[in-house]
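Here come two complexes built around subunit A, the first alongside subunit B, the second alongside subunit C.
Right after this comes the complex of A and B.
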């Protein structure tokens, strides 16, 4: 049996040999032919030469796929991020971030557009992402995976957690209903109490040159967030841009570093 | 392992070791393990006379004496059984099992692993089939459908344009130009609805009442009051829309139906509304 298998290629190998040996396939897979024909070394090279896989380790230790240890929470966080990206882009086709249109656009996305569930997928996906990021962090903490050599990646992870929460926060305003407006009012008002940067915060009185106050109600941390003294149309636009462009851009950079460091720090941590 | 006292081991550990073949044959409690040991001592025939492939197979299964030069490299799954049957027999005397000193790691059930390897492509193939034929088209269809809303927030293609007598003979009415893209003109014999789309490249011409012509600002095409082109690059007259009377006596214009003069359609019914 073993001998036969060694001599005769399997069905995928046969298909691969007949389909994969042409100039187009060879130009895409520089390692040579379709992946089905690759030997051990070529498979390694295939991973190294692939832009999507190069963040990924060439080989995975067996423990890395043990759900009981990792809970797969890091992978699920990334998966929910992908879902949120796709549904978010689709929602942008129908949503206008203006005081006149925002709320009714949000309602229409549920009622007048096919797959009215799209916004709910985005909303529940966001809740799930926050949850899975927290659980991922909990797992990493409980398994001691934050210890050297992974201490830098833990810091990157904390930044990613913060960015996730900021994405959740900025997205909260976009429905532009009473819940959103007052939630963001409460949230941004906390900025008033920032040390030195909020006009009600400790040290704010120190932030002045002579008689000129540098931090006051029209120029402090909360004002920067709201683009005004209260949550208005300017706040909506600001949060929209941050939610759709700014924060996703930053979080993707940190995610790339995070994944790359997982590999460079010795792969996914395992039971000792 | 060999240093440990077998008598002092816990039963479960002894059982496990027995499975791995790390115990002297005499101590093995498991009947199955005993039968495996019995297999290793079966008569395998004349080694010299057998075919190379059979010898290779036997070597893999560990049924060949180790001193025999084996042409094939033993596979990893068969590694623990690599030792010779004679060596196994010698353990019956109570000496330390030679296997114990070897590296015994990925042992036990090569047959099971083999099965998985052989039929693994089935689940792989079904998985990919389901993904390629089911998942991707389903998602693509959903996303494509999402891009076509069920409700349009734009003016309807058909609208009521007031009563025929509201219009002046010889004038062009621009009331519905902005919203519906339609001019309504009246002659002494009929009323007609002109499209405001220039037949050159689709701009919107202006009605110049002083010169009594439509003039397109983009490339200078000119149209008579009737819609017939006479200057500039426009290749054909403006199009007319379906026009009729509703039950309440109002004019109805339907932009879904158009009439082109160069096709002789301006003579058709409802391309104009007879009204004197």
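Right after this comes the complex of A and C.
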């Protein structure tokens, strides 16, 4: 530290320093100065004064930044979520969730739209997010980080895992190709067998009042999922709304709880 | 060459590969001291050394290169763009497992010497702590840039697949669920949809959520370890590796038309015929053993099934409580123990049903198609 101060600051450092202390910049980033020249107090203030950085504490135990401990998987899950949100918004400009347009819009996104790898990044990013969420859970288990006081945050994590899979599943239908429609058919057909709530499920025959059947092919769990007896246009719209609005809304609420609880439960896990 | 391929085709069949997995799993990840001693006697802890990793990944890579260069079917399945994450799984899961176990065993040795785990740093010593800016931000930035580069390169190299337009009248064979649900689709071979598609997924989610409330072991919180939490790790890894990752890999690479099994070097033949002569427990009991017609009364007909399933879910927990899991009842108390044992038995139900199918051709223990109640 002392050595660096003794050296005369270079031209870029001087410019950086004065930019950092400019009235307007200072009104946005209150810490001031050039981040590389920050002293210990300024480094702490830099984190505290920034709404995004203050998700983090200002100080951490050493093991917390080691990749061999954290694998970065939680952070990567969040990062892939952001990538998917951004590419997803871009894709929504070009995609119409109707049986008439959906498939051709997909073709056009690949062939006509400039920078046409948004769909690729969205699809591979989704695979990556499922993987990183699984691996995050794997790491958290193997370090015993679900143990008190973090029990409830593990539960929130399991909910996030489920929501991630549902997000991926609802997105699977949108290309409206053979792969999409049949994967969703295989998946949603499970709903028919829900106990009591599916028309082919155990106990469904009990769900009737007098002669009126409450659960039948046009009113059961699978019908609710598909908005029809088969995967069709109504299913496409339903999955589209869930994929773009409904599930992201819910997952963001749980993510907020998850991150907040990481801090409130004592920050990153570690031996005591 | 063909001989090697033939052998691999045979041993990857779940009847053999899953049996092998079952046989070695609890020696590699011993849940109790007896198996831990066996593990050490066989020197299986050497798996988690650097040499162990190099040999394992060397062999895996040689196998992959051999397969891709020498076999059409293998190449098609492995290089399918949507199968990339499963190929990634093949490498990254064993690697991270190795990372866990290597650090876990090192910490076990430290604990034995009354030392703190490697991750430990004195919370009162503020100088030993690091600042988030810049040390954590750097790591995050690098991870973020790397991840972006990987995604962009992946996106440029592999086009997102788009098949023929959706057509509800023309079902492809096989129709596969998304890759991360293939474990559930694999269960459909052995269980009806109401169990494989509804009850078991629910139990998986609930079971995962229940872990911190069932596991009362205070040790091993916040650092890698193995010896201090053998049983927990063993059970969790069996579910995660043996029943989830294994099934996903099996479902992706080795299940072809009609959901038949195809070895990695076996051509996916739509006309592969498998003799299906599965029978229900009621038929086995009344017709084959009892030499008489099935009773008309449904309850009487399915009595053997009710007895077996009832015994499994009601008598088995009590039996286990008196014998193998005796210490757990004392540790957990009755309520926790009941939840734990029911979850454990549900997990074990899959392998049990698999073996009943393979050995007795058993279709259902309880078969009441009249009420869609097949177990």
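Methods note: the second predicted complex is superposed on the first by the 214 of 272 C-alpha atoms of A that agree within 3 Å, B and C clash if a C-alpha of one lies under 4 Å from a C-alpha of the other, contacts with A are read in each partner's own complex, and residues count from 1 in each chain.
Definition applied: contacts are C-beta pairs under 8 Å (C-beta built on N, C-alpha and C of every residue); 3 or more make two chains touch, one makes a residue touch a chain.
Computed from a predicted model, the values in this text were never measured in an experiment.
Chemist: With both complexes overlaid on chain A, does A:261 touch subunit B (first), subunit C (second), both or neither?
Modeler: Neither partner.
Chemist: Could you look at A:158 and tell me whether it touches subunit B, subunit C, both or neither (first, second, both, neither)?
Modeler: So A:158 only meets subunit C here.
Chemist: Touching A:226 in the superposition: subunit B (first), subunit C (second), both, neither?
Modeler: So A:226 meets neither subunit B nor subunit C here.
Chemist: According to the stated criteria, A:145 is in contact with first (subunit B), second (subunit C), both, or neither; which is it?
Modeler: Once the two structures are laid over each other on A, A:145 reaches subunit C alone.
Chemist: A:203 in the overlay: touching subunit B, subunit C, both, or neither? Say first, second, both or neither.
Modeler: second
Chemist: By the touch definition at the top of the document, which applies to A:112: first (subunit B), second (subunit C), both, or neither?
Modeler: A:112 contacts subunit B only, not subunit C.
Chemist: Applying the document's definition of touching, compare subunit B and subunit C: which contacts more of subunit A?
Modeler: C
Chemist: Of all the subunit A residues, which ones make contact with subunit B and with subunit C?
Modeler: On subunit A, the subunit B and subunit C contacts do not overlap at all.
Chemist: Going by the contact rule at the top, pick out the subunit A residues touching subunit C in the complex.
Modeler: 35, 38, 40, 43-44, 46-47, 53, 56-65, 67-69, 71-72, 75-76, 79-80, 83, 99, 103, 106-107, 110, 117, 119-125, 127-128, 130-131, 135, 137-139, 141-148, 150-151, 154-155, 158, 161-162, 165, 168-169, 172, 175-183, 185-187, 189-195, 198, 200-205, 230-232, 269-272
Chemist: Note which residues of subunit B are touching subunit A in the complex, please.
Modeler: Within the complex, subunit B touches subunit A at residues 53, 56-57, 60, 75, 114, 118, 121, 142-143, 145-151.
Chemist: Could you please specify the touching residues of subunit A with respect to subunit B in the complex?
Modeler: 1-3, 5, 10-12, 86, 90, 93-94, 108, 112-115, 118
Chemist: If you look only at subunit C, which of its residues touch subunit A in the complex?
Modeler: Touching subunit A from subunit C are residues 82, 84-85, 88-89, 92-93, 96, 99-100, 103-104, 116-121, 123, 126, 128-137, 139-140, 143-144, 147-148, 150-152, 154-156, 158-168, 170-172, 175-181, 184-185, 192-194, 196-199, 205, 208-209, 211-213, 215, 217-225, 229, 233, 236, 240, 368, 371-373.
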